[in-house]
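Think of it as A, B, C and D in the order they're written, each chain with its own count starting at 1.
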Amino acid sequence: MKAVSPSERSTEHVPDEQVRGVIALAHHCGAKGWIPATSGNFSVRIDAHDAAITASGSDKGKLAADGIIRASIAGAAHPRASAEAPLHYAMYRLSPKVGAVAHIHSLPSVLASIHFAREGKVRLEGLELLKAFQGVRTHETHLDVPIFANDQDMDALAGRVERQLKADSLGWGFLLAGHGLYAWGQDANETLRHLDAFDYLFTLVLKLKGIPA
Amino acid sequence: MKAVSPSERSTEHVPDEQVRGVIALAHHCGAKGWIPATSGNFSVRIDAHDAAITASGSDKGKLAADGIIRASIAGAAHPRASAEAPLHYAMYRLSPKVGAVAHIHSLPSVLASIHFAREGKVRLEGLELLKAFQGVRTHETHLDVPIFANDQDMDALAGRVERQLKADSLGWGFLLAGHGLYAWGQDANETLRHLDAFDYLFTLVLKLKGIPA
Amino acid sequence: MKAVSPSERSTEHVPDEQVRGVIALAHHCGAKGWIPATSGNFSVRIDAHDAAITASGSDKGKLAADGIIRASIAGAAHPRASAEAPLHYAMYRLSPKVGAVAHIHSLPSVLASIHFAREGKVRLEGLELLKAFQGVRTHETHLDVPIFANDQDMDALAGRVERQLKADSLGWGFLLAGHGLYAWGQDANETLRHLDAFDYLFTLVLKLKGIPA
Amino acid sequence: MKAVSPSERSTEHVPDEQVRGVIALAHHCGAKGWIPATSGNFSVRIDAHDAAITASGSDKGKLAADGIIRASIAGAAHPRASAEAPLHYAMYRLSPKVGAVAHIHSLPSVLASIHFAREGKVRLEGLELLKAFQGVRTHETHLDVPIFANDQDMDALAGRVERQLKADSLGWGFLLAGHGLYAWGQDANETLRHLDAFDYLFTLVLKLKGIPA
């Protein structure tokens, strides 16, 4: 409720709502053990042009406001941005419905990304918790989570993701083989719910095949 | 101990005891990770006609009193009731001994519901922790937990459950295939103990068959 | 430091040291999830005749001083004693070196008790953590944990345990098939260390055989 | 900020930075369950001659400053030093880049040390989290973690480790078969990150082979 001075409204200013959203995502994933060894990154859309996103490095499970930067989703370089920021920007460009993006390295997501790499996707099917995804009203359906090959050239990888996901329907997440999960939602809360659902469903699908997950 | 005004004694008033019971069940299951992605619902009987039950949506692991409504177990529609409320009401109608009902999506219960779907039940047998269930005095017995097919038509599903469980002895829980567990007890505390026992016994039965649970 | 009145020095009085020891064991095992559904019981020796032991029922993870009674290890009936108290008393009678006893239902101990039931024992061998047991100085040894058949007649079971363990060397624990673990040490702290070591070594032995534990 | 008197600057004095580092390592590993039954030990380099290291015994998950001693990495005997201290000293002698050393008994590290004992090493390969190790910039690489046979003669074992690791490149950790992991980094923080990465990668490598870890 305090007045915001013009200087704070600079391109660097991150509104409180987005700060809270990024921190909620980061702390939740830290507590779950999904971002080991200072990995993972999180963002929340500010408007049609910018997003709040975690800066490179540090333990995101202990993230505070000063570890969050404001960046252009057009992809202009930012000195403190994470190497994986281009994948976040790509998602915001793909659809105005993407309001928050989380990237984690949870064991079930990495195990699923390798076990199902040949199929190019993980099929989640016939399970009640599919209804946790926005827009899903019944367990009598399936959700295909695409798997992309891992790549250290993040701009090239973001380009591939952007081209392929444009062609299909967008869904709520994709996997990078041997690397981890990208998930999103219309806001931070929905993204959190989708992360929980992916974790649960990947674990279930693996265990149903007798794979210890 | 403060006086309750007549207006608070409306059909909407939920007594303190039932509020505490529903919250205890919800917080316990949240802490255990049994209600991922805002799933799960919990109720405690108020009298022969009404029960206190969690309203639809929200993270039940953080449930507060304003997330609990008073509903008729006869099944009259309530604007804030969860879609799964009819299954709770059915249990209260089946027996006056049902004093509290919990519905969770824990991984071991869902894994068991799929692995044993063909048998139509999970047999729990010869294990000391069977004695955690009300009325069981020895491990030299068995408990059959029935498995019903999942269905998004909750009124139809509640009808099937009510008809089949009437015919057999009631037991302390049933599974919905690919969905989760319904468990109950004579009060909230006993229901909590039964939930712990089901979780432990489903995990044990699966692991004894070499299934990672 | 406050004066203890003569009436408090009755046969019912439990000294502070033993109260602290029993509570430390109970809270540790509760936090680990080893005593689900109000199961488990814990005791610490007071002298050559008596022990402090948890009363029957209630969640031991939240144990307070009023849940601890003073009982004779000669086995005289106590109105609040747990049904399994005779097994504690038997251990105290077997050796003056037994200073504390814990009984838990942890999943790895129950899985091991069933998987190795035919051999009549679990062999723990060649692992560094064997050195956690009092008197063990090298991993180049083995420890055999005997497995007894479960029995609801606790006096008969205690008699069998007392006769068989007298014949062999005492060790630091035994298993009841499909039921759980009894472990002890020279005091509460050592018993706690032994419980941690059993949990770790049973888990390891099972996983090394490809059994999900 | 308070002045340190000359007497405190004795050979026994452990500077605050090293105290904080050792405690951070010990508490982290305690919370993770990696040092069961009072096992594990931790050290941080003070200078070219000395290191701060945990004294023998006690639960390191609750470590306080008085459980930390100052010891010469030349290996002079210290009355309170752990039996495993010579392995820490060997690492500090091997390279000035070793700024902190942790020794843990985590289940995944012990499982990996036994499953891959015949190969003499665990190969970690093609996984994104390899980038958590200092100096690794891509997943398209591999890291070989050597496995040494366990030995209760710690001086002999330290000698073997020092000779073999000198010959090869140093890496960031080694395993003792049936015993546990030694890991290090340029400081306590980096060592912590490396511990998390080893835990995650050993778990992943085992689960990818269908081994419950």
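The rule we apply is simple: contacts are C-beta pairs under 8 Å (C-beta built on N, C-alpha and C of every residue); 3 or more make two chains touch, one makes a residue touch a chain.
Note that the coordinates shown come from a computational prediction; the quantities given were computed from them, not determined experimentally.
Interface chain B/chain C: under half of the residue numbers present appear on both copies, so the contact uses mostly different residues. Greatest Cα centroid separation from chain A: this falls to C. For the pair chain A and chain C, the distance between C-alpha centroids works out to 47 Å. Computed centre separation for the pair chain C/chain D is 33 angstrom, with centres defined by C-alpha atoms.
Within chain D, the positions touching two or more other chains are listed as 210-213. Taken pairwise by the contact criterion, the protein chains form one closed cycle in which every chain touches exactly two others. Contacting chain pairs (ordered by label): A-B, A-D, B-C, C-D.
Listing the residues of chain B that touch chain C in their complex gives 126-129, 132, 137-140, 193-194, 196-197, 199-200, 203-204, 207-208, 210-213. Chain contact summary for the complex, chain D toward chain C: residues 36-39, 105, 107, 110-111, 114-115, 150, 152, 176, 178-180, 210-213.
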